[in-house]
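I have a structure I would like to understand better, so I am pasting it below and will then ask my questions one at a time.
Chain IDs A, B, C and D follow the sequence of writing; residue 1 opens each chain.
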Amino acid sequence: MKTFDRWIENSARGMARRTSRRHLLTRLGGLLAGSAMALPLLPVARGEGATRVPLPLDADVEGDAGDPTKCEYWRNCAIDGYACACCGGTPTSCPPGSELSRITWIGTCRHPVDGRDYVVSYNDCCGKSPCGRCQCNRNEGDRPLYLPAKSNDINWCQGTKSNIYHCTITAVIGQAVEG
Amino acid sequence: MSKKAILAVILACLAGSAGAAEFRPETMGVATLDRAPGPNWIWANDFTFGFMPDGRTYLLDAGSGEFLGMMSTGSMFLKLDIPADRKVIYNAATYYERVVRGKRTDVINIFDPKTLDVIGEIPIPPKRLTSIPTLINSGITNDQRFLVLYNMTPAQSVSVVDLANRRLASEVITPGCAMTLPGERRFRMLCADGTLLSVELDAEGREARRARSAPFFDPRKDPLTEKPVRSGDQWWFASFGSMIQPLDLSAEVPRFLPAWSLLGDADRAEGWRVGGIQHLGVHDKSGRLYALMHQGGPDTHKDPGTEVWVYDLATRKRVQRIALRDPATSILITPADEPLLIAMLIGVPNVEVYSATTGQHQRTIGEIGHTVAFLQNY
Amino acid sequence: MKTFDRWIENSARGMARRTSRRHLLTRLGGLLAGSAMALPLLPVARGEGATRVPLPLDADVEGDAGDPTKCEYWRNCAIDGYACACCGGTPTSCPPGSELSRITWIGTCRHPVDGRDYVVSYNDCCGKSPCGRCQCNRNEGDRPLYLPAKSNDINWCQGTKSNIYHCTITAVIGQAVEG
Amino acid sequence: MSKKAILAVILACLAGSAGAAEFRPETMGVATLDRAPGPNWIWANDFTFGFMPDGRTYLLDAGSGEFLGMMSTGSMFLKLDIPADRKVIYNAATYYERVVRGKRTDVINIFDPKTLDVIGEIPIPPKRLTSIPTLINSGITNDQRFLVLYNMTPAQSVSVVDLANRRLASEVITPGCAMTLPGERRFRMLCADGTLLSVELDAEGREARRARSAPFFDPRKDPLTEKPVRSGDQWWFASFGSMIQPLDLSAEVPRFLPAWSLLGDADRAEGWRVGGIQHLGVHDKSGRLYALMHQGGPDTHKDPGTEVWVYDLATRKRVQRIALRDPATSILITPADEPLLIAMLIGVPNVEVYSATTGQHQRTIGEIGHTVAFLQNY
């Protein structure tokens, strides 16, 4: 599967495009939403005291798939926007001064080390000018706008004080199960 | 004059220069567009992804390469809505009190096509969907009375704007259904279960009745994209799997015409598929459908196309393959007798103009915007 | 004299820069302003029925110096901004929907055909988004901000309904005299 | 909750998946800047020339290359004003009701440096000069009480903003004089006749008295640029002819120190001169002045520089030449013990970081803005 990341930068480089093929789990993804109090409300089975299934560390991932500032970062498989890790945030934190949107879309990305599929919540960070760094567009499992829970074309700065889009975080909120 | 301090300064050194030749100064002014729009005039809509508050659209004569003007269309700009008589131009616009923060105000801007200046606003609920732009984010009913605009907050609804009286007519609640395809005095929506919702409006723009079709496609197996083209009440959608689904929406009951494939077996073997942001075009007079094609696997449905394939709508046969000089994510076919094929790659500020009949590259119009994603005929 | 035109485009081309040397007339230039009724109020001697000293036609100028869409256009010798001729306007007309600012700065450009120096009024057109085309920066006779009449670094969208800058026109308003 | 419709949707297919592994979801949040600013933290101010309403500044650690965050600073952004205690950050901002049109509102934005979010506004007259940004468009008096802001409409004046009481204190009318160089409880301006205007403020921020110096430079023969650097109350201006004019503005009466040339005879013969948008830098501890130099004729005073020349301020001798890897229009020297030289070419989104002592290129920080013209130390 080809992706076309970083529109502008790549156009200058003659549309260098990256390849990362795999099949998608169409059964997963959905409109994730939580209240401001209890975030996130999970679309996966869990318990408060659940034994943690450890996520392999990014440091253990070879190459760009382990680097949150790269479009090839493993969690970025369905991102469409600026990666917050390049904007003063992290894969789980919005940059200072932006507001985390609780309404989001979900992707399922395969971890390159353990081979498992994880549910990634693509929450937008909102209310300041677009960050402009690390523009990535990857579309694994992306679906049209009439399936909003699966659409990365939507501006997910919704329910926030301002709907201006700043960047997107990629928090892992569960492990996905094929079936 | 009190606020605009205007100084009348004559430079002494010049006023006194004895040798100054007599010269009639040029007159300065502001241009207007007095010509009627030509068949190759297009709007390149820039949603300015990296500078979202400063949306704008550029008016170009693709036939001559001329840049005719532009309009500032507000934050998170999607598209223009142009009535049949083209006496005004509308766009649904969002404004924040402090550019990116503060109070949100949504309006329908009303532009004068001769001056490209705003001449009015219609207040609307601050709910409109903002997204990668498509043809069916909004539209005008065939009777020219109402502008319908899709909302998502994430609750789904449609704002119905009374263009005759320049006020909001109603908000129609439409859970499970998205986008808006205008018809006579009605609109349709694509629903998550693969059905079509039809909403008839009354003379005041309120919902008169609604009907839901049987599923006409399977969003799980092969979703239709939300990126159709239309010619009057005939609409064509492409699916992820490169099927074309024609819809006849001229009557109250929608007609779902047989789907057909853009691909032959050889094309499939070579991995060709339709893709991009605006990936279909249609030319009325010649009855041709244009599809933006690339080679790629699943999930490449937004990848840039490298070729445009041309189909005869009567026979559903491919009649031509146009190899693009540069990859493109958006294409448009102009309604001229000798139509032009316009192609752009998002993030690259070049409008590439080809003959839609010969496929020959004619010109590049450069320095056009930041992230032009949606092209429109005037 | 080197100029650096079209910042962004040129950066992609490795800062291709253009050369057009000549000395400047420091005696000229000034804060031009007219009332809305009588525009322009001229800083040069003239009479209503004056014999017109014809300006050579752009068509008679060889190369880019005769093309209003090029930074090398002869009237652009002190421009700093987007040339309106690329934006739906002309050297003397603002693009549709923009507002002509009456407050301006003045340059003196030598005509490449007749060798005469002409006074060019760099009026800004205002009130819509920056045009973004034909970014030119040439600085013949440009002076610092404390000499406002000669400074092209100032946003001259002043006295207009909006101060947002769209592009700049380059009307010839007189013939300059050295001395 | 009424406005923010929040849906709690659990996907049936997932909720019912028996084999789902137990997994603690990651916590999402918003980062804050709890660290004290480092000596190599810089602000890259983007006046977004082509998208003027959406100004912003980027906070970078030039030492590590880290992008720390950004602030949205409104239309026609010039610069930040950072008080000595760095407890808040100010910027003079302009907003239009409809992004590019409608009612204009000017305020001083007040940002929290930990959250980079706006925590307040001070209304000011909608008169501020908008221009290519410089250090002396605005500033804070040494006593930290007043922010002074240069206005041009084209009438010339200075807005004095009371930072303690967060309100406009006064507007000082200053015909013939421009820009504003803050001092203890005073400011200076550069006048068109080559003099310096000094305005003393009273405790309420009103004009107490003013004085005008004798001409200290000839704006016709060799104008000083409006692009000085400062260290405390010591200021250095470069002239078009590459002279350095030092000013000591520590006392009520300004001291005009002897001017000296950046150039030797050989340099002059080779056509070297100072130029650019932000063309001087200074490093306190080492007593070094940095000048951005290029080879060119008259009227090249804004051309990009290809080298940075380093001078010992005590001896006024050049001690070093740094060849830049890429041409630059703006330079900044960080106040670190081992200072960095930051260089940018307007329109190119790369922050180039060099050692200011060795001149060695250390890193490029990419994807920084649209038209960054003015760099500031934190």
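Please note the rule applied: a residue touches a chain if its C-beta (ideal position, glycine included) is under 8 Å from a C-beta of that chain, and two chains touch if they have at least 3 such contacts.
These numbers were taken from a predicted model, which means no experiment stands behind them.
S.K.: Among the chains, which one keeps its Cα centre farthest from the Cα centre of chain C?
M.R.: Most distant chain from chain C: A.
S.K.: Would you say A-D or C-D is joined by more C-beta pairs in contact?
M.R.: Between A-D and C-D, contacts are more numerous in A-D.
S.K.: Taking each chain's centre as its mean C-alpha position, how far apart are chain C and chain D in Å?
M.R.: 28
S.K.: Could you work out how far the Cα centre of chain B sits from that of chain C, in whole Å?
M.R.: It comes to 35 Å between the two C-alpha centres.
S.K.: Quick check: how many Å separate the C-alpha centres of chain A and chain C?
M.R.: Each chain reduced to its C-alpha mean, chain A and chain C end up 48 Å apart.
S.K.: At least two other chains touched by the same residue of chain B: list those residues.
M.R.: Residue numbers touching two or more other chains: 5, 7, 50-54, 72, 75, 99-101, 153-154, 370.
S.K.: By residue number and range, which residues of chain A touch two or more other chains?
M.R.: Touching at least two other chains: 31, 33, 103, 128-129, 132, 159.
S.K.: Once bound in the complex, which stretches of chain B touch chain A?
M.R.: 49-53, 75-76, 94, 96, 99-102, 104, 129-132, 134, 152-154, 156, 177-179, 189-192, 219-220, 223-226, 294, 296-304, 327, 345-348, 371
S.K.: In the complex of these two chains, what residues of chain A are touching chain D?
M.R.: Residue positions touching the partner: 9, 27-35, 39-47, 50-53, 55, 86-100, 102-103, 119, 121, 123, 125, 128-129, 131-134, 149, 159, 169, 171-177, 179.
S.K.: Applying the document's contact rule, which stretches of chain B touch chain D when the two form their complex?
M.R.: Contacts found on chain B: 5, 7, 48, 50-54, 72, 74-75, 93, 95, 97-101, 118, 153-155, 370.
S.K.: In the complex of these two chains, what residues of chain D are touching chain A?
M.R.: 4-11, 13-15, 17, 19-33, 54, 56, 59, 67-72, 111, 114-117, 367-370
S.K.: If we count contacts the way the header does, which residues on chain A are in touch with chain B in the complex?
M.R.: 1-4, 7-8, 10-11, 15, 17, 21, 23-24, 26, 31, 33, 80, 103, 127-130, 132, 135, 137-148, 151, 153-155, 157-159, 161-165
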